[in-house]
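Several structures are given next for inspection.
What follows is a pair of complexes built around subunit A, which joins subunit B in one and subunit C in the other.
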Partner chain A sequence: MTTINGAAVRKVVIACDAGMGSSAMLAGQLRRQLGKHSVAVEHTPVDTIPADADVVICHQGLAERARISAPDTIIVPIQVFIGDPAVTRVVKAVQTGGDLDG
Partner chain B sequence: MDDRLLAPEAVRLDEHAANRDDAIRRCGGVLVEIGAVDPAYVTAMLDREQSISTYVGAGVAIPHGTTAGKAAIRRDALAVVRFPAGVDWGGNHVTTCVAIAAQGDGHIELLADLAELLLDPERARALHEAADPDDVRRLLLSSAPN
Partner chain C sequence: MTTSNYTPTVQGTGVKATIQRIGGFLAGMVMPNIGAFIAWGLITALFIPTGWLPNEDFAALVGPMITLLLPVLIGYTGGRLVHGQRGAVVGAVATVGIVVGADVPMFLGAMIIGPAAAYLVKRVDGLIQDRIRPGFEMLVDNFTAGIVGAGMALLGVWGIGPIVGRLTDIAGSGVDWLVSHHMLGLVSVIVEPAKVLFLNNAINHGVLSPLGVTEAAEAGKSILFMVETNPGPGLGLLLAFFFFGPRSLRPTAPAAMIIQFFGGIHEVYFPYVLMKPRLILAMIAGGAAGVSTFMITGAGLVATPSPGSVFAYFAVTPKGGWFGVVLGIVIAAAVTFAVAALLLGFGRKAGDEADDAAVTPEEQADREQAELAAARRRSADNKNLAPASRGSGDDTAPQATAKES
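And now, the complex of A and B:
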């Protein structure tokens, strides 16, 4: 289990397979919500997660591959790409400086 | 409005499908008809759906291909294909598909708009019920760059 404070998050990566569908949709939403907090939001294939990612969000079906790809990074698995409470927790932690586990 | 990303002829309001795969073939067929993808892309869309559902909520799915299928994309484009009778999408009831063919990131703002639209029950209903393809395009392209 890794922990990071929301105020220290500089890059959030949405990991996916093709990266043109639901992950792109979520990246677009998060960019709007986190852009003003100087947090970069990228979407990348799950097997090539960049080393400077602070938090990785991915569908729960990809979480194991994400953990192998980025073993020291917070992994936040989600079930739905619109309105998932886990995504809301990430946004809130960045906005208010709370801790994130994963 | 952006005619290339979501062209008027890429909006189909009254389609029918027996099941999810049939609906994906119909969506892929529209992308082929408008010249956005080669037929091989439709197989990639079916493959992608097998791994993780593209259902996103509020009766909407966003079928698209795999990384390997990107080679079959000729230009980035979306299609909106509605199935008024509904399609069983792995236990979810889908009446609107937003099919995606994209090698770049030019469609991301539109998808972010779609996500916000689906969180608003009134606008989500408008997407499912709009009688004119241009109304559908206006709903989705409201803040996309022209």
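And now, the complex of A and C:
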């Protein structure tokens, strides 16, 4: 089980199948929310998650593939693309320095 | 909090993940090149003799782009996925071989030979890597890539091109058969469930659009571009959720509609179907109704509408083709809405969250957590002597927390 403190997060990767659609949308939202915190937010295909990602967010249906391509990274699966509590948790952790694990 | 529930275990052998990855690989060859497809589609829609602004000089672009540029881009990208820049170069060279060896646009062929050629170079590189004398690296690297590329191109002209051309013909006549027997709507029975399992790109960009491009090159338009991409069913589903869904989910539906219907990101509606799996029947019904409408009205698009937004649809609708395209979207939305509304009991079961048969342990944990958080907030509110009672405080869906916080 990996754990990271929200304050130590430098790069959040949003992954979807092609890395062009839903991930780009969610990344845009997160970038606005995390803009002040010097956290890089990227969107990539779920099979090519960059190794320097601290936290990976992807839909639950793709989490298995995310786990294969980023075995040691914290993966936060989500269920909905608008207002998922898991995403809110990540934002909160980065903003206030709480712990994230997974 | 226990987040172990949120972390999928390491599984390298999951069937679903494997299918997704294969599909993702196919789609991954096409999707980065969609810009080129759209450029070709726009030029075609505008300048061919039956287009909006017929122009012979510009129309000369259409042929070389579809038969040469687009397959080479796909072969290049496929090669790059397998073996980086070297694989890309060899994949492109090999693709030219099959392009020359066949008389139909070689999309499926490019998706085979691009990665295959790159894989061959990868193996060759692995074999000779440790045997190169110092100073000869560049010479060897360039010539191995050149020799493999040339060899694969020749093989493409003689062997692979004609075979894949034949396969493309067979697949195309299979589609013709479905169309002429008015059965293309049945495809939705497979397409719609696969879509919500995140195989949407694999199906559209991996299978349907390569076949569609072949058809469009001959007939000027293709219905195959519209099978997976129709934004109507998703709109109908979200409308049904807006009016008749669980109360906690209703407020999220309008934003999802905009993103789905106008932005073309269909993924936003998948979770709504996954939450209530029986709604897949509504998606199938709406998808089949849409495809059948397109088929009966003879509708088609000149290029792949990607993303599946209504704007992208209009951009690649051929001149005079509006009626069938709009009708198919509207009917698909209406049918999906009607069936989904029926399956949702017209909202009578709105407060009843417990009827989800498909609540996974993970969802359950999520809900419990949301419930807990909501309860904590409520008690905090009470302490603050907040006067207003929270009317919807009984909502237990995870979304409720998200909106409140």
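Rule of thumb we're sticking to: the second predicted complex is superposed on the first by the 102 of 102 C-alpha atoms of A that agree within 3 Å, B and C clash if a C-alpha of one lies under 4 Å from a C-alpha of the other, contacts with A are read in each partner's own complex, and residues count from 1 in each chain.
Here is the rule we use: a contact is a pair of C-beta atoms (placed from the backbone, for glycine too) under 8 Å apart; a residue touches a chain by one contact, two chains touch by 3 or more.
Worth saying up front: this structure is predicted, and the values here are computed from it rather than measured.
Visitor: Should subunit B and subunit C be called a clash or a fit once both complexes are overlaid on subunit A?
Guide: Result for subunit B and subunit C: clash.
Visitor: Of the two partner chains, subunit B (first) and subunit C (second), which one does A:P45 touch, if any: first, second, both, or neither?
Guide: Once the two structures are laid over each other on A, A:P45 reaches both partners.
Visitor: Between subunit B (first) and subunit C (second), which does A:T88 come into contact with in this model arrangement: first, second, both, or neither?
Guide: second
Visitor: After lining up the shared chain so the two structures overlap, which partner does A:I75 touch, if you call subunit B first and subunit C second: first, second, both or neither?
Guide: In the superposed model, A:I75 contacts subunit C only, not subunit B.
Visitor: Once the shared chain is lined up, is A:R65 touching subunit B (first), subunit C (second), both, or neither of them?
Guide: Only subunit C; A:R65 stays clear of subunit B.
Visitor: More residues of subunit A are touched by which chain, subunit B or subunit C?
Guide: Partner with more touched residues of subunit A: C.
Visitor: Just to be sure I read the superposition right, which of the two partners does A:R31 touch: subunit B = first, subunit C = second, or both, or neither?
Guide: The answer is first: A:R31 touches subunit B but not subunit C.
Visitor: Can A:S22 be said to touch subunit B (first), subunit C (second), both, or neither?
Guide: Touch status of A:S22: both partners.
Visitor: Examine A:A7 and indicate which partner it touches, taking first as subunit B and second as subunit C; both and neither are also allowed.
Guide: In the superposed model, A:A7 contacts neither subunit B nor subunit C.
Visitor: Residue by residue on subunit A, keep only those touching subunit B in one complex and subunit C in the other, then list them.
Guide: Subunit A residues touching both partners: 17-18, 20-22, 25, 45, 59, 61-62, 80-83.
Visitor: Residues of subunit C touching subunit A in their complex?
Guide: Where subunit C meets subunit A, its residues are 3-4, 6-12, 14, 16-17, 20-21, 24-25, 27-28, 31, 197-198, 200-202, 252, 255-256, 259, 263-268, 270-272, 274-275, 307, 362-363, 366, 369-370, 398-399, 401-403, 405.
Visitor: Using the touch definition from the top, list the residues of subunit A that touch subunit C in their complex.
Guide: It comes out as residues 1, 16-18, 20-22, 25, 45-47, 59-68, 71, 75-77, 79-88, 100-102.
Visitor: In their shared complex, at which residues does subunit B touch subunit A?
Guide: Touch list, subunit B to subunit A: 48, 51-52, 54, 56-58, 62-67, 69-70, 100-103, 105, 107-109, 111-116, 118-119.
Visitor: With touch defined as at the start, can you tell me which subunit A residues reach subunit B in the complex?
Guide: Contacts found on subunit A: 17-22, 24-29, 31-32, 45, 59, 61-62, 80-83.
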